[in-house]
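Once you've had a glance at the structure underneath, I'll fire off some questions.
For reference, chains read A, B, C and D in written order, and residue numbers begin at 1 within each chain.
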Amino acid sequence: MASISTQFRNRLTDLAAAGREFLELTRLSSKREQSLAQLCDEMMRQKGEASSIALADQLLQQFALADSEQKLSFFTYLLVEQAADTTEVANAIDAYKIESSLTRLSELRQVLDPPRREVIRTLNTAPNGTLSLVQLRSELLDLVGANPALDVVDKDLSYLLQEWFNRGFLELRQIDWQTPAFILEQLIEYEAVHEIQGWDDLRRRLASDRRCFAFFHPAMPNEPLIFVQVALTQTMATSIQDLLNQPIPEKNETMFRNAIFYSISNCQRGLRGISFGNFLIKQVVEMLAAEIPSINQFVTLSPIPGFNEWLRSSLSDRDYSLLTDNHRTRLESLDLEESHLFSESDKALLREICAIYLVNAKTGQFPCDPVARFHLGNGARLEQINWAADTSDKGMLESCGMLVNYLYDSASVTRNHEAYSNHGEIAMSKTVASLLTAR
Amino acid sequence: MASISTQFRNRLTDLAAAGREFLELTRLSSKREQSLAQLCDEMMRQKGEASSIALADQLLQQFALADSEQKLSFFTYLLVEQAADTTEVANAIDAYKIESSLTRLSELRQVLDPPRREVIRTLNTAPNGTLSLVQLRSELLDLVGANPALDVVDKDLSYLLQEWFNRGFLELRQIDWQTPAFILEQLIEYEAVHEIQGWDDLRRRLASDRRCFAFFHPAMPNEPLIFVQVALTQTMATSIQDLLNQPIPEKNETMFRNAIFYSISNCQRGLRGISFGNFLIKQVVEMLAAEIPSINQFVTLSPIPGFNEWLRSSLSDRDYSLLTDNHRTRLESLDLEESHLFSESDKALLREICAIYLVNAKTGQFPCDPVARFHLGNGARLEQINWAADTSDKGMLESCGMLVNYLYDSASVTRNHEAYSNHGEIAMSKTVASLLTAR
Amino acid sequence: MASISTQFRNRLTDLAAAGREFLELTRLSSKREQSLAQLCDEMMRQKGEASSIALADQLLQQFALADSEQKLSFFTYLLVEQAADTTEVANAIDAYKIESSLTRLSELRQVLDPPRREVIRTLNTAPNGTLSLVQLRSELLDLVGANPALDVVDKDLSYLLQEWFNRGFLELRQIDWQTPAFILEQLIEYEAVHEIQGWDDLRRRLASDRRCFAFFHPAMPNEPLIFVQVALTQTMATSIQDLLNQPIPEKNETMFRNAIFYSISNCQRGLRGISFGNFLIKQVVEMLAAEIPSINQFVTLSPIPGFNEWLRSSLSDRDYSLLTDNHRTRLESLDLEESHLFSESDKALLREICAIYLVNAKTGQFPCDPVARFHLGNGARLEQINWAADTSDKGMLESCGMLVNYLYDSASVTRNHEAYSNHGEIAMSKTVASLLTAR
Amino acid sequence: MASISTQFRNRLTDLAAAGREFLELTRLSSKREQSLAQLCDEMMRQKGEASSIALADQLLQQFALADSEQKLSFFTYLLVEQAADTTEVANAIDAYKIESSLTRLSELRQVLDPPRREVIRTLNTAPNGTLSLVQLRSELLDLVGANPALDVVDKDLSYLLQEWFNRGFLELRQIDWQTPAFILEQLIEYEAVHEIQGWDDLRRRLASDRRCFAFFHPAMPNEPLIFVQVALTQTMATSIQDLLNQPIPEKNETMFRNAIFYSISNCQRGLRGISFGNFLIKQVVEMLAAEIPSINQFVTLSPIPGFNEWLRSSLSDRDYSLLTDNHRTRLESLDLEESHLFSESDKALLREICAIYLVNAKTGQFPCDPVARFHLGNGARLEQINWAADTSDKGMLESCGMLVNYLYDSASVTRNHEAYSNHGEIAMSKTVASLLTAR
């Protein structure tokens, strides 16, 4: 069998040449100081030396101050000049063909490990290197859209972050009023589901009938990765405004029956795609079950972010089959922006259509609603659809003010998860099921 | 171009078939409980679930109690049944040939990532998972000798450990008499260079004129990875027994001039090949320089583990050219086991030959003495060869009681390191150089 | 010499009888539960037992929930029923007269130690007992006004608190944005000099050019005792509003020259009279001098709380001699409430009169202004009187908007302190001195 | 009634004069440096100043290096020159006679508070001041024997230590193999009951079936005050050697039924008379009961330190009535130093006589055996007397090798304590009671 043709080696070289030309241009523009690429070359020359830590630090600080063009230039440099050696790859492929052993396979894998990974590993040795790399990835994600070739760089960066943020390294910490202000401030900033209205609101959310937990990484001890907010209540919660405005119960007055997971927010954009939420919810369920044995129901109160948009596009597309003609007729007589004026039967209609959306509107074999996909994928059950549950502007715009409860029932969560993952089956309560058969 | 031939796919299948047969046999032998492989299959099915953490824990505990055959069986299972999909690999190679882009290269790399890595990542989520994996690798290393095919499994395990023990995640901690007994006990156990004779000896080594530092990993906070012992002295140390038996100076009496690195020991056999020593020495040099400005010399007092053995085989091999006839004649008249009776000229001869050994006896382009290779590779300078420097049995057996000082001079360490790495050049003092030209 | 007459023993008994009568009345009123006094009797019976800790806890919790009358009843019980045994006292006095030795003196002191001290010591063994006793003293202080006999109980309580809050037991902690919210919240609450306007204002006060330090006691680790706020500036600060509204300087931009102590606040009313402020300021001066060597001036920006009131009463009292007729004439033509309209010579007049107030208006041999008394007593120097320095309502009402700088100069602080304590001498700058001689 | 006569004032002055003469002599002898007394005067002049902390530190360090005469001189200075002002005392006594109110009583108490207490309080502000004062008291106790007048100084020092070591300030910490070596080393040093034979023995005593707890004070965080050692066992322990040599049980193999308190040792001689042991035992009982619910018996295995000595003097004193003639006759035929050869009836005799000793041999109304007095005073019950229970030299010499179990039964401990304290009643098991009635 012939060796790998020189043809595609040339093509790769072309791309590299174009990249290098761009690099030259941007390097010329920054005469005063070493370009990021030059710093990086220097750093890799001193790899293993104590001085490489200082260079990594300098590079990351200079990157943080760089403009977009300089950043793009640096990422292009990583893509082109810190790529695997294509000759070595070709040789390893040839060797594998000749002797198709597990050892050759392992060697091929090794030559495919591009030098840019070693760059990233070295950057991680800088003080606060891990946090800086997470922020650097956030910037990279901004540039990938317009520069899809950089996706290759992101693959390497996210691969390493995935290794480093292995669940085994994360610390689960309770967040309360004893937590340093520096961290609490980030909760206010990152809360993505139900905005925290300043420190008084935050304090309410950390009172004795609330719980908040977050994951942290030991290399970033001051930066929460993701946090979840839980309300402990006597009765099931169906309105987020009621929940947030509940008075704090007197101590020992209440026997908590429900743990309502009403918000879960990621804090680090640079860790997109590296998922912690699933573990966070399940570990918090376990901890609360041990701490407060009276709780017998663990349930979310969750947004339906895609509902209104889906409904609008469904109505405008006559061929779309999830809605019946009856649905269309009735919906067309309604003004969704005036949903607070709806009659009981109007509300019932909307709940029914919402159930259709959550269960039957799919992307591939899974629901298209991202929150539904998350909780059902975790093995939760679609429990209840609540009218007038989030009357904020956001809630009205997203889902006519509806919210949904997903139930985490430890007895069935693994079974649900497997049925969902393998067959796309969606677990739901009888109440929700009856909404669907109403049709 | 033709697709990858089916021929080597078949060969891989053969190996796999042999492995599976072995697995069947060992599975049959453990009827009472699930085999490790079955547990592992179950764990991977529940991946991402909270229950997978419990299964990982169970698997690691069961592994720790397993006998050799069961362990070998489990590693074989990882090798054979958790390997990359060869069909996918073949397809990705084909795709890369057709379009030789960085993206295809990246995809090829991805399919080469074998499932056994995901197994290892999942095991790491167990409580104390990281420590258990380090211990598991120690067992794997024991088996690789007789089962070289398992080296492929070790490649994956050591790859992940290398990622996880990135220098950026390690904590440098000072070890002193305030350190928990649990950790001190491990120092006694792991000291590999100059044995610690119980708690009183340890206490001496942690007194006010001594320093000890170790690296720790946040996921194994009670297990030192590597530690270094330093003596602060007024004068250069040339004998380890003198150094260890020095009385503790009165407080404030001494102006320390030298930091003598007299021992550096790895604690985790399962981290073999994942090197921390270089960074440890250099960071301790930086810290001591800042803490005690009067210190102007950072130097080791190091063993020469390969000298006597090399000398013996050099003498028995007439053709070996590093020794002159004059050397041979003089050496043949000496009884190395009676070196305490040597005359001054005998000692001079031995020091000269030791210099030849350290500088000229090579494996490839680097010195064959492992300690020399380590310090010279770090950029240290060969400073001085000391007679009667380690009169313990070990010292006499290894190197006729000689020890060597390597000097860490921050002004030249990077230059030395580069000259050594690129050209095999060895930095040495005039004293050592004159020993070599004496010839 | 005759023994102590029975006469005054009887008188003490009368008071005790009256107290007991009151106790009976209040005991009757709380039929449902044991009175605090009964609990206390029980607790003292079980003194030294583990159960006494539980009883102390119960007593303190019940006290916290008690109404005023019950509290008064409990304090009366402590006064009357937990007093020293007057017979024993009389006997010890007699013995001392017969043999006037140091030993008899020591024995007399011992019998004078009243059982109520042992009650307080036992209460301190409860969980959070120390904090509860500090709060209990706060309540006692409220009652002493109308019940001056309770001052005897307060003497014992404050005596013990004084022992327990010995400077040697206090921890100095820096307060910053890493401090738990629970503690920061108390800063907002307790700031007594320049009110903190919520969390954003607090955050500004903890920025990189500010410092905040507090004393804590190990038995009350979550409760600051006293805290001081310092601004680091390039130039001397003469206006509190300017200081509080300064933009945060860029990092490394500023070379700080001044440390301005602009606020010092006690947090625990129940520790009134147990002074920490002196030590706090001086230790912070030492720490800042070590941390930031460029600072060469440590100065307060302090209120003059008694000025306006003193001025008003001085004007209304014709015979009062500190003001000259010239002063009176000029002052009578001015409207102090319109001080923002004052001419330069009006301002000069007010500064002059303020200097007279601070230096010459005395209570006993010391200044009557409490803030002046505090800082001058510490050995600080009266440095400068600033016009329009605090334009808040509080500042205008207290001192026509003037503030004063007291300078802490380590070279002269001990000398100043001694001259002040022994002779009432007041250290002042030439500027202030010239204001006084202007007259 | 006449005022206090000048006569005894004169006598006090005489003593003071003699003391001052001694002080002059010792002051002359230390020309080079300030005497401790001069330093102390200086420190008190600067009281409240930051500089007084430095002076306190200097004084304590100088004291530690001083010779016996200098120390005696310093204590004499404290006795004589830092005493209460006798004129003020006389006046306050007079005032109290004229108006015998609680307020006058309180004032009298205040003037009796001697300045030396303020000296001690100021010394406590030095770094490690509390520890230094505890050590200083240890030295003072050495001198009191030959200088009983110094007992007055000790009264003041121990009074303040008593306040500062109030139970409410002590921390209970578990001691285990995770504890810093610095603290463990002190356990080896201070164990007073059953000597710890080096680090291996210590390690055994901290294994999974053992517990060790100690009290610490926050101002001396590295110094245990008192510690207790507990063995968890399946069966009641009757021999200390058996207990100490028990193999460590396999994890989870044993269901612990008994907690044997086999050693309790004070660590700070300077805290003599300030008792923590009672609280320590009872809190450990509570903690173990909560941690290991299977334990149903909390019992000591205690020495009988005074038995042999009491027995010897009882035999030599014909009139001593606790022994019958029958006892004497039988005992005279035995050689106590050969007790390992005793017959069963000999052993029974000794146990019987031991019971008589523990229960009936009294000092005042309480047992003369100090260990019995401690545990019975705590409310424990005399449970069992064990033959051949401590076969060490110490055990044979003290009590013919017998040890005794005291039982801490939470249901009866308070009742026992009260019966003992008020009426000298001794709680005992039927077994022990039957030994007594055997007579």
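Simple rule for what comes next: contacts are C-beta pairs under 8 Å (C-beta built on N, C-alpha and C of every residue); 3 or more make two chains touch, one makes a residue touch a chain.
Predicted model only: the values in this text are computed from it and were never measured.
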Graph separation of subunit A and subunit D (steps between touching chains): 2
If a chain touches subunit A and subunit B alike, it appears here: none
Length of the line joining the C-alpha centres of subunit A and subunit C, rounded to whole Å: 53
Where subunit C and subunit D are represented by their mean Cα positions, the distance between them in whole Å: 39
For subunit B paired with subunit C, centre-to-centre distance based on mean C-alpha positions, whole Å: 62
Chains that touch, pairwise: A-B, A-C, B-D, C-D
Of subunit C, residues touching subunit A in the complex: 177-182, 184-185, 198-199, 203, 222
Of subunit A, residues touching subunit B in the complex: 1-2, 4-5, 7-9, 11-12, 15, 45-46, 48-51, 53, 79, 83-84, 86, 89, 93, 96-103, 105-106, 108-110, 112-114, 121, 124-126, 129-130, 149, 151-152, 155-156, 160, 163-164, 166-169, 218-219, 278-279, 282-283, 286, 379, 413-414, 417-418
